[in-house]
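Shared between the two complexes below is subunit A, which has subunit B as its partner in the first and subunit C in the second.
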Partner chain A sequence: MTTPMTTLTAATRTKVLQRQGAAVALVLMVAVSWLVFPRFGSLDNLRDLALQGSFLAVIALGMTFVIITGGIDLSVGSLYALGGVLAAWGSQYGFLVALALPLLVCGLIGLINGLLIARTNMAPFIVTLASLLFARGLLLAITDEGANTYQIPPDSAFVELGRGTVFGFGYPIFIAAVLCVLGGMILNRTSFGQNVFAAGGAEQSAILMGVPVAKTKILVYTMSGTLAGLAGALTAAYLQSGVTVIGVGTELDAISVVVIGGTLLTGGMGTVLGTVIGVGLIKVIQNVINQIGTLDSNYQSVVSGVFLLVVVVLQRILRR
Partner chain B sequence: MTLTATRTRWLQDNGVYVAVVALLLFNALFTANFLTLGNFTTQLVQAAPVLIVALGMALVIGTEGVDLSVGAVMALAAAIIPLYLGAGPLVAITMALVVGLAAGAFNGFLVAEVGIQPIVATLALLVGGRGLALVIAEGQLVQLHDPAFLALGTGDVLGIPISVLIAVLLAVVVAGLTNRTTFGRQLVAIGGNRKAATLAGLPVNRVLVGVYAICGVLAAVAGVLATSRLAASDPADMGLLMELSAITAVVVGGTPLTGGKVRVLGTVMGVVLMQLVRATLIKHNLPDSIAQMIQAAIIIAAVYVARERR
Partner chain C sequence: MPTDPVIEVAGVTKTFAGVRALDDVDFTLNRGEIHALVGENGAGKSTLIKVLTGIHTPDAGRITRKGHISTIYQEVNLVPLMSVAANLFLGREPRNRLGLIDRARRSADAAELLTGYGITADVSSPLGTLAVGEQQMVALARAVEADADVVIMDEPTSSLEPREVETLLEVVRKLHEAGIAIIYVSHRMDELYRICDTVTVLRDGRSVHSGPLKELPRIELVSLMLGRSVNEIQKHGTTAFGEDHYAGREPVLEATGLTSKPRINAVNVAIRPGEVVGLAGLLGSGRTETAKAIIGALPLDDGTVLVAGKPVPHNVKAATKAGISMLAEDRKTEGIIPNLSVRENIVLAALPRLSRFGVISRARQDRIVDTFITRLRIKVSSPEQKVAELSGGNQQKVLLARWLCTEPKILLLDEPTRGIDVGAKAEVQALIDELAREGLAVLLISSELDELLDGADRLIVLRDGAVAGELEGAQLTREHVLGAIAAEVMDDADSN
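Right after this comes the complex of A and B.
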């Protein structure tokens, strides 16, 4: 009995350390930025920061679930763009269509991802790579090969969803926050959440123990697709149009923040809170680089890459 | 083994060849001006950089890894070229290859010595590498005029483009490396079961660093050739999404993502197949949207046929 208990404690300790590592880094980053850049702490900047982070957080929330099951979802960047275009196109038929259409279509593509992965034993990497292409193709097909950018009527109620504010903080921030709290509770307090961990921790044992692994996988990919579509819809509402060129490489941003947040790509371990902290870190870094006006904007990706590297190397060393 | 099982097995192993032959036949019959030397040359020249990258990718995937940074390494190679072209094309090319080698070895170090998962280890360079290339190039596209350097991308020997010759030569070298050397056998053994390979006393870390370094150099070669053909150093667009094309070609060619097997000829055929698909769609005036969706369907179909049964 002692051996499993010790492993458990060690694992828990590592988990806590990893999670707090990212949190400590975030607190430090914010504190330093606040002191060095006077504009960083201004309410306007913080509002902007939170809004920018909220779209990514919605996508990364779905990615967190997928990665905990030991999978990966490369299609979210394309689905994000597709969701935005569908929302903008649908807005001419009213609020409900503008919101429901992207969720349904992107959710359906996520469902197909899940079915292919769970039922045919194909690698998540390659299945979702194919749907990355497919979704981008679909987007081009409905936008006249990308030439047509659908506009959302400025007086439409749908625009309010992206541009409305409470105390100056945009609605998307609250939507993302509610979803992340819900996601965290689902992951940690429901049997579905337990199944997600079980599917990624030890798939064969989970199947033998009667965990509905296939069903769980289908659900997480459906969820990931739906959330990417929602993030696209929110972005379209905010931009008041369905921009066709967004979302290229967004899947990599989402994977990065999930990994920075301490969720292991091998599956079986991870937290929503970590992902939110990861989003915060990446967005603070980007924001700070923007504050240094003289710095080439290309440094953003260099710094993000170096940061990702430092975090994963540290995680690896901590785990030893 | 029943007849059906044998047939399935055969299709699993040879599906990509069947598909290539079928597409060639289709085009020979239904596509105007397809069976011309000019068209074949164009197709091969376009496919050469993808093939060179895919060869390295096949080796990495054989070790149960993946290298997402190949496109970024191509961009880095492109950014390096104009810096040293003044000292002669040989110096510039050497510097670009050295950078590719260093980038690959760094990936290998992270995977082998630090023990980071290949996706994450190479993701860092994918995110940062292109940015670094753009910083080096100060975000500029640089036109290149050195005739010796440009000959690499546009010249030919006995009518065969130099870049195609290099790609074929490298395919032969990589095939030899995989099938006829200790290094190749060790690589496959590591991909099949890394723990067992370690316990058997194989130099696992050294082989892994070597494999990623080879992949980095090959990506740099592709970057050099593509830059020469473009007659410009364009780090913003060079090799964009190349990692996806290369991985697709390798997987369509029958190398499983689970490692333990490298099919070099299959990879060549995978590149040829994807190039043929693209050419067919373009020649029949199908828009990009339909082309991408059909490519997605082909990837799924190929992987479905080749998948390991539970």
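Right after this comes the complex of A and C.
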């Protein structure tokens, strides 16, 4: 009987290092921050950190699936903002409309992305770049170029979705956690999940093996759009209004955390847990830079960028 | 043999861009038989397989299928990053009561299944970490487990080690015993005769023979594949050696013991200046691999290459520097840059020599390009014409010019006249002759026997990656070559 340690091949070693690498970095970051910044470990700060991370985690969850199929979804930042505005506008008609409208509209745009990518074989980059522009434009049009901010009535049940807490932890944290657990199960324990890996790992082979590659891609982009819409709705509920200026560049944040989490940008390999760790890492870095106070908040991006580069370089080296 | 057809093909015709890939083909596969499908490159085997599996729809004809068909392709069509177990059960994963994939059972089932195929690797490791032969075996296991009634194997042993071939043939036999019908495509005569019951020979898109294999002598099978009459092959030529024009000259290229498992094994090639040596053999016999091994583009397990007596390090850069140039088989993917001009394409390889401190002398370029356009009789409106606009023959001449302006001592030509019209073909052949007379050592690879017989001074016949015979002088006849390929006539001649 061979133990996993003795059968460690190059590829599995890569996998372990990619996944555990981010986890180790996260643990180190948290430990150091805890010691250096007294406020970091306070319950309030941790609650805030988790809440901030939950919105990004919901978007990045969809992105994880997309990237594992070997694709990319640039539209999620715009859909995130659009989802928020639609939720805020819909909240005047009640809880259900406020929640369903962003999911349906953003899901529909995701579906169109998927159809175009899977059926016409157009590059995901171009297709989703087009919907990034489309969704942002639509958003500006319905808000009178951002001048018109829809407010959510403070007494509406929808606000509770974003601001309600259990032991001080916001509902969005639990929603994101449940979704990520579900996502992980779907990815690893269902045929659809296996098809996602196969489509990204070797598309032509997958087709010859009878995997419904086109259907899988369509589903994945629909999922990504819907989740971006949901993240928007949750954010709107939390902020009590549909803010039009958010979500610019969020697609890049989502891609970064997915890749930092060890998902191969070329597709075929990745985990939801890795993505969650990636979100944690980015948010801890942001949080720490805020704690330092004297450091310009723009350094958040600098540090995130360096991190991403290190991860991608490591992926390349370890894949040899 | 009882006739119980699982696949029946009648009068199937399939045309691609005006070319008949299949022309009124009949084909019957009976339950439980192992049916060899043979033919030279372009005979229509792949097209027939794709028609059988439904990837292509025939233009005319009728196909009747009973049961499920699984296909194993020459390249392993699995997902390298996914685990062995996941690959094996992709699309039919075992579930638990909640409808989720039962990973423990999947691994256990996979491990148990694969031991039957001689694989003991960890089924949870990514498929890509297995050896190619093992991957091929996983593909086979997957295809068979998919409850197939018919399994089509397209060159399944082309990338396998001898030991792995044995395992595969064993599995094929087991399938046969289980009543599964098999279509076995291979160029390896030994394998075909060992396991196949019946054979269908395709040539130029037509089915030229179908019947029991055991009753068909090898020599006849080869003659059917190549379209030569048996009489023609069985007539022996004289065995006297012809006059040796190069007797006094030392070989400029000496490649010895070239081995790159499993493709080529201990191949020796020596070429003297001014000599054209032909490489003959069926597709997959290791012709291209031998050329690639000489120029350093194929990783070697063993073997040395000497140019003018000096060893050449095994990489393309060193080989090129030592004076070896290679004209690749597929000029579209491995040579020509269609959107650049004729001039740019020609001087590409010579740029390092033409430049000083990174600046390229345009005047020198023009001189060289003009010389070659005239000498090789390349038909262009101007040197600035895009190569994409030229005919196949002229494109080939441009490539030839590119390598000639690096002033090679040894030129390796892989199918230099493939895909060009008859007139241009004769011109390219004349050019090769001319270059050799000027002292160039040439290695000529061609699937066309006539081209080799006319063009080469000496022939090396390859079979299954090893040298099956060397022919020169009066031995340069079709009969001898076919005999060496079929492996029978040569043995007879040796024992005489």
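As a convention for this text, the second predicted complex is superposed on the first by the 310 of 320 C-alpha atoms of A that agree within 3 Å, B and C clash if a C-alpha of one lies under 4 Å from a C-alpha of the other, contacts with A are read in each partner's own complex, and residues count from 1 in each chain.
One rule holds for everything that comes next: a contact is a pair of C-beta atoms (placed from the backbone, for glycine too) under 8 Å apart; a residue touches a chain by one contact, two chains touch by 3 or more.
These numbers come from a predicted model, not from an experiment.
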Based on the shared subunit A superposition, would you classify subunit B and subunit C as clashing or fitting together? fit
If you stack the two complexes on chain A, which partner ends up touching A:I126: first (subunit B), second (subunit C), both, or neither? first
How many degrees apart are subunit B and subunit C as seen from subunit A, counting from C-alpha centres and rounding to the nearest 10? 70
Check whether A:G268 is in contact with subunit B, with subunit C, with both or with neither, and answer first, second, both or neither. second
Which partner does A:L116 contact after superposing on A: first (subunit B), second (subunit C), both, neither? first
A:A100 in the overlay: touching subunit B, subunit C, both, or neither? Say first, second, both or neither. neither
Look at the residues of subunit A and decide whether subunit B or subunit C touches more of them. B
According to the stated criteria, A:A177 is in contact with first (subunit B), second (subunit C), both, or neither; which is it? neither
When the two structures are overlaid on chain A, which partner does A:Q204 contact: first (subunit B), second (subunit C), both, or neither? second
With the superposition applied, I'd like the minimum CA-CA separation between subunit B and subunit C in Å. 6
Per the definitions at the top, what is the overlap between the subunit A residues touching subunit B and those touching subunit C? none
Parts of subunit A lying in touch with subunit B, wherever the complex brings them together: 72, 116, 120-123, 125-127, 129-134, 136-141, 145-146, 252, 255-256, 259, 265-266, 296, 298-306, 308-309, 312-313, 316
Going by the contact rule set out above, which residues of subunit B touch subunit A in the complex? 66, 68, 110, 114-117, 119-121, 123-132, 134-135, 138-139, 244, 247-248, 251, 257-258, 287-293, 295-297, 299-300, 303-304, 307-310
Using the touch rule from the top, collect the residues of subunit C that touch subunit A in their complex. 71, 73, 76-82, 86, 90-91, 93, 100-101, 103, 122, 125-126, 128-129, 142
Show which residues of subunit A lie in contact with subunit C when the two form their complex. 2, 4, 7, 9-12, 15, 185, 188-191, 194-195, 197-198, 201-202, 204-206, 208-211, 264, 268-269
